[in-house]
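Some structures are shown below for you to check.
Presented sequentially are two complexes of subunit A, the first with subunit B as partner and the second with subunit C.
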Partner chain A sequence: METVTITMKNPPALYLEADNICPDKFAGKTALQIADLHVFEGNTTSTIGKYFDVSGNAGASAADTKIVVKGDVKKVKYIGMKMSAGEIGVEGSTDLYAGAWMTGGKLTVKGNVEAFAATGMKGGELVIEGNAGNYLGAAYRGDWRGMSGGKILVKGNAGSDVGMYMLGGEITINGNVDVHVMTHAEGGKVIIKGNAKSKLGGQLVDGTIIVYGTIDVMMPGYKPIGTVELEVDGAKSKFAHFIGDTGERKKKRKGQIVYGNLYKKV
Partner chain B sequence: MSEYIIKNGHVFDPTQGIKGDKADIAIKDGKIIKDSEVSSKAKVIDAKGKTVMAGAIEIHAHIAGPKVNLGRIYRPEDKLFTYQSTTANTRMAGGFSIPTTFKTGYEYAKMGYTTAMEAAMPPLFSRHVHEEMRDTPIIDEGAYPVFGNNWFVMEYLKNKEIENTAAYCAWLLRATKGFAIKLVNPGGTEAWGWGLNCLSVDDPVPYFDITPAEIIKGLIEANEYLGLPHSIHIHPNNLGNPGNYTTTLDTLKLSAGYKAKNKFGREQVMHLTHTQFHSYGGDTWANFESKAKEIMDFVNKAKNVTIDTGNVTLDETTTMTADGPFEHHLTELNHLKWANVDVELETAAGIVPYIYSPSISVCGIQWAIGLELALMAKDPMRCFITTDHPNAGPFTRYPRVIKWLMSNKARQDQIKAFKNSDKVVSATNIAGMDRELSLYDIAQMTRAGPAKSLGIPSMFGGLKPGMDADVVVYDFNPDKPSAPDQIEAAFSRAAHVFKSGIEVVTNGEVVNNGHKRTLWVNAKTKENPQVMRDVQEKFIKYYSVTQANYEALGHHIVPNPYAIEVDATQ
Partner chain C sequence: MTKTMTDVVCPFCGTLCDDLEVVVSDDGKQLKEVYNACVIGTEKFLHSQTKDRITRPRLKQPDGSWKEVSYDEAVEYTAQMLANAKKPLMYGWSSTNCEAQSVGHEIAEMAGACVDNTAAVCHGPTVIALQDIGLPSCTLGEIKNRADRILFWGCNPAHAHPRHMSRYSIYPRGFFTGKGQKSRKMIVVDPRVTDTAKLADVHLQVEQGRDYELLNAFRVALNNEWLPDVVAGIPAAKIREAADLCKNGRFGIIFFGMGVTQTLSKNHNIDEAIALTKHLNEFTKFSIMPMRGHYNVTGSGEVLGWQFGFPYSVDLTRGFARYNPGDTSSIDLLARGEVDAMFTIASDPGAHFPISCVKHIAKIPSVCIDPHQTPTSGVSKLHVPVAFVGVEVGGNAYRMDNVPIDMRKVVDPPAGMLTDEEFLTKVRDRLKQLKGKA
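Right, the complex of A and B next:
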């Protein structure tokens, strides 16, 4: 695997739209060619090289390419958008849409990410060592197709609307989450190791939410059906089991109604 | 104005019976002239080895107005990754199934379409429709106001008052700067206001106590009383349901005994639109099947009927119609987001996104039905290609539909690609149909045919001297064998497009925004004090706006109007 290191040298005045910072786009290119890929600052089209020092050549394919992003990229959006393979390591924090629509590979952010990270994610792995913003693993505005595959790990906290319209895949949040989790979801799993606020699984058709900490307010559409033991990350614990959202349409499998599941650690 | 001579192209012009012969087409001052009359200053366009046709005419698409714009607003995901930035001749443009007004104009022009009709104008919002048409560059446009659920119409027709109905229709066409009399689910959309629908032509409309059949026949009579350029343009009852072909046949039969009366050369008294959605057999989605043959057996014999196809293009799209109850039915089926609007005394509208997936057998069957209709048409002058944009697919897919119609191989390839090919094949006739439409057939179905049906054959749809110089050159050599995809590529991006004598597209790119016009019908009738009093009263009693704020007036609303005059005072 070849490593390309890009280091912020000339921070933008406005926000930078940089979906070209992606192994698929870098693949097969030299440092010089990578520096020539376009970015947008406001309505101005510019190049990666205007803002970043680029060192190292990319591998022949996305899978052979690792990108290390150094310096302050808090105002850079779309890092790793639509990546299918390879790796990206962001050493600081980054802005909107990190890893959006990614289908494979691994994106690691040492700091925080802003909203819409992993929008419509289909596969691969996203690790956020800090906090995630709102709409993590959600659907694009207006769309009904949220995260459908892959894994997300947030070591800190996440904002509101995690997994909105989620269809598949798994999100683990080691910290706390804000309101609205898996709203309108039709599949997938969200594990919250910390505390949750309210509106978990509102209008959820199908899917699983597991909460280790507290829930401030439960949705009225969830019905307790007993206590179960679950194994999560190799550790077994007891959970109160709720099914829902009973106010939303439900699918049937082999004649049986399929409910979403909400587990709260007891 | 400039002069042009388009030399040595293979010309396809049904208005002169030219079937691919080499001919020169000359243009001067916005009109086609005899090639002998062109001066030596004329710019020469070399069309050797290329196809030359008149500009194509869109007879039915939803491209301007409040319903279209609501679709744009509530589907930001339709715009995702579609934007093209500003160029020297074009503004920023985007959207896939509900493109911006600018993209609408550019895309039609690039395909060689030079005139388009907005298929459902809610009269109350005609100003909005005209404002959007004003912002749709290059192409000439008109709009059909909807009448099939209008309170005035239902009240007059309940009493069989044809003259009053005609006077009201003429007034509304003037007030809204409309082009033709459109019916959408006659009576059914009004019934939807009561939580009901009219699924047959004999289901009574609640409160008004009139049937769809009475509305349809009454509006045919009013239309012919006025002698309008186009006939009534009908989206019949019971759209989209298995087994609905019987309702469609019942609707078509209502044309029996009526003869077109007009000075525009139109021969039909009924245009039945997006026929694909109305040619369904079976009684559930499980035994859903094509009844295209039953429909076309009738249409082929009925010389006073024209249709358009409504071809499914197998895309993710946005359905939008004044058929309010249908859209509610659809959202219950696919669970995608639904918008619904009621338009006071006139109509309603609903919107739901839809994915015509090649993995779903019903979608494959719908795809086949649309193509079967065109392939079974004995008279291509009476069957026109549409996608009911965006309902069965975006208009930008016309080149692909043309490819399927012109190439059996392209159809067989698509049949093979379906996940449930066997089911599609057994529920349709498509697999055994080897007819391949010719370029002449296509010129009839997209140019001369719609022009005649719309009553504008003296201006559009042909290349006779004196007609508007709407001329298209496609980089397609009819003398050489071609792969199906070459058909699609050539029709997607015309080599040259002239609109009213101005070259607007060169090599598939917009080079000029032309002088787009708004076509409307100015039908004059005898003074009718009763109808005018009824109009005033309804505005005072029911409408949320005053009459003065209703009419589409002034050059800010219709900047470049072109009125087709109709004298119905005799």
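Right, the complex of A and C next:
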């Protein structure tokens, strides 16, 4: 695997749209050619080289390419958008849409990400060592297809609207989450190791939410049906089991009504 | 002598009353009296007649004082500002006519700007929700003639839309609602005992920030499913009763306002309210309608919609339209420091935006086009006063139920004053020259 290192040398006055920072776009290019790829600052078009030092050539394919992003990229949007393979390591924090619509490969962010990370993600792995903003793994505005595959791990906290319109895949949050988890979801799983606030699983048709900490207010559409033992990450624990959203329309599978499941550790 | 003009349209709130009578002097220069309007509507008309009105553009000087400039100088300043910015924000539009909005959007496209209207701080969440799940709606006329179940959720028309209840929703005797108020049941959902709530048959005093849960509980009740004893501070039995009351009507309507769009859950509240409306249609006929505030915020959404495909928070910086509130919305753009020029027209973000946003406006080049002196004109570098739309110039506006209404001119503006549309047309033509497109 070849490594390309890009280092912020000339931070933008506004914000950068840099969807070209992606193994698929770098693949087969030399450092010089990479520096020539487009970025956008407002209505002006310029190049990666204007803002970043670029060193190292990319591999022949995305899978052979690793990108290391150094320096302050808090004002850079779309890092790793639509990546299908390879790796990106962001050493600090980054802005909106990190790993949006990614289908494969691995994106690691040492710091925090802002909203809309992993929008419509289909596959691959996203690791956020700090905190995630709102709409993690959600659908784009107006779309009904949120995250449908892959894995997300957030070591810190996440904002509101985690997994809105989620269809599949798995999100694990080691810290706490803000309101609205898996609204409108039709599949997938969200595991919250910390505390949750309220509005979990509203309008959810299918999917699983597992909460280890507290829930401030439950949705009225979740009916308690007893306790169960579950194995998560190899450890067994007891959970109160709720099904819902009983107010929402329901799907049937093999003649049986399908409910979403919410488990809260007891 | 005076003359009386009938069927005048009130350019204040989204009710857009079109039955006003206005008395003007014979030469058409002075507005004397206004009949049929509510207090706020009347004030809007009379305000145009104040003697201390500013009639020429003003440029802020380094010492903070204002210097009068010509409209041509104001056009030059505005066009230069837009031509030089990397990401200008063009915000407002809700208190002007569709004709001016349309010219404004031409400017925005040329400047590679972000365009947004006041939905950003009122019914933006409604727009997000209706894009997510649709909107079963109707006209105010249908409500007057048919509706026998009226829900006001998080809105207070007694004060915000004073003639709404008398013209359309509660008191009028319509074709199938011959007994007026007696033909209707009124449900108000509000954490406060508002003047609207005092008139209600049922007042559900929802716990603040728990509208989403209460709406969900209504749907659970419609499905005859299990409910906790109390939801959002309201006993389950009372929720089931209210749900039955809705179910048993012939035609119901949910009106909702900023009490649900701008409190916890925002678009999700509306999303669930629309889902409830759809759900109620399994039992009877139900509709839902946002109580739009500014008289032509609906029109701004319509014009943006047909020109760019999105009704607010449109980002044109890359030459095509993008839309994602949270990224392309005014509050976020300003609070995050993402824009480098601010153009405000026909609204007052200085009074309604968070202080961090207003501080950013003060830091960057800025123009405010408004007949009034406002907090926004105060922080802007250039203030361009214009004629009052709906009073001194006509044009098209959309009522809250998406019905377009042509407004009427009733008096002349003070001599030499431009309208929004005239000023914007000059800016557009100058910008074309600057961009080498003319």
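Of note:
Rule of thumb we're sticking to: the second predicted complex is superposed on the first by the 266 of 266 C-alpha atoms of A that agree within 3 Å, B and C clash if a C-alpha of one lies under 4 Å from a C-alpha of the other, contacts with A are read in each partner's own complex, and residues count from 1 in each chain.
In this section, a contact is a pair of C-beta atoms (placed from the backbone, for glycine too) under 8 Å apart; a residue touches a chain by one contact, two chains touch by 3 or more.
In this text, all values refer to a predicted model and were calculated from it rather than measured experimentally.
Looking at the shared chain after the overlay, A:115 reaches subunit C, while subunit B stays out of its contact range. Measured by the number of subunit A residues touched, the leading partner among subunit B and subunit C is C. After overlaying the two complexes on the shared chain, residue contacts for A:140 are found with subunit B and with subunit C alike. Applying the stated contact rule after C-alpha superposition, one finds that A:32 touches neither subunit B nor subunit C.
Comparing the two complexes, residues 140-142, 144 of subunit A contact subunit B in one case and subunit C in the other.
The residues of subunit C lying in touch with subunit A in their complex are 85-87, 111-113, 128, 131-132, 210, 212-213, 216-220, 222-223, 225-228, 231, 264-265, 268, 271-272, 275, 279, 317-319, 323-327, 336-340. The touching residues of subunit A, counted against subunit B in their complex, run 139-144, 249.
For subunit A in complex with subunit C, the touching residues are 13-15, 17, 40-44, 77, 96-97, 115-116, 134-135, 140-142, 144, 179-180, 183-184, 198-199, 202-203, 217-221, 223, 245-248. In the complex of the two chains, the subunit B residues touching subunit A come out as 74-78, 80, 335-337.
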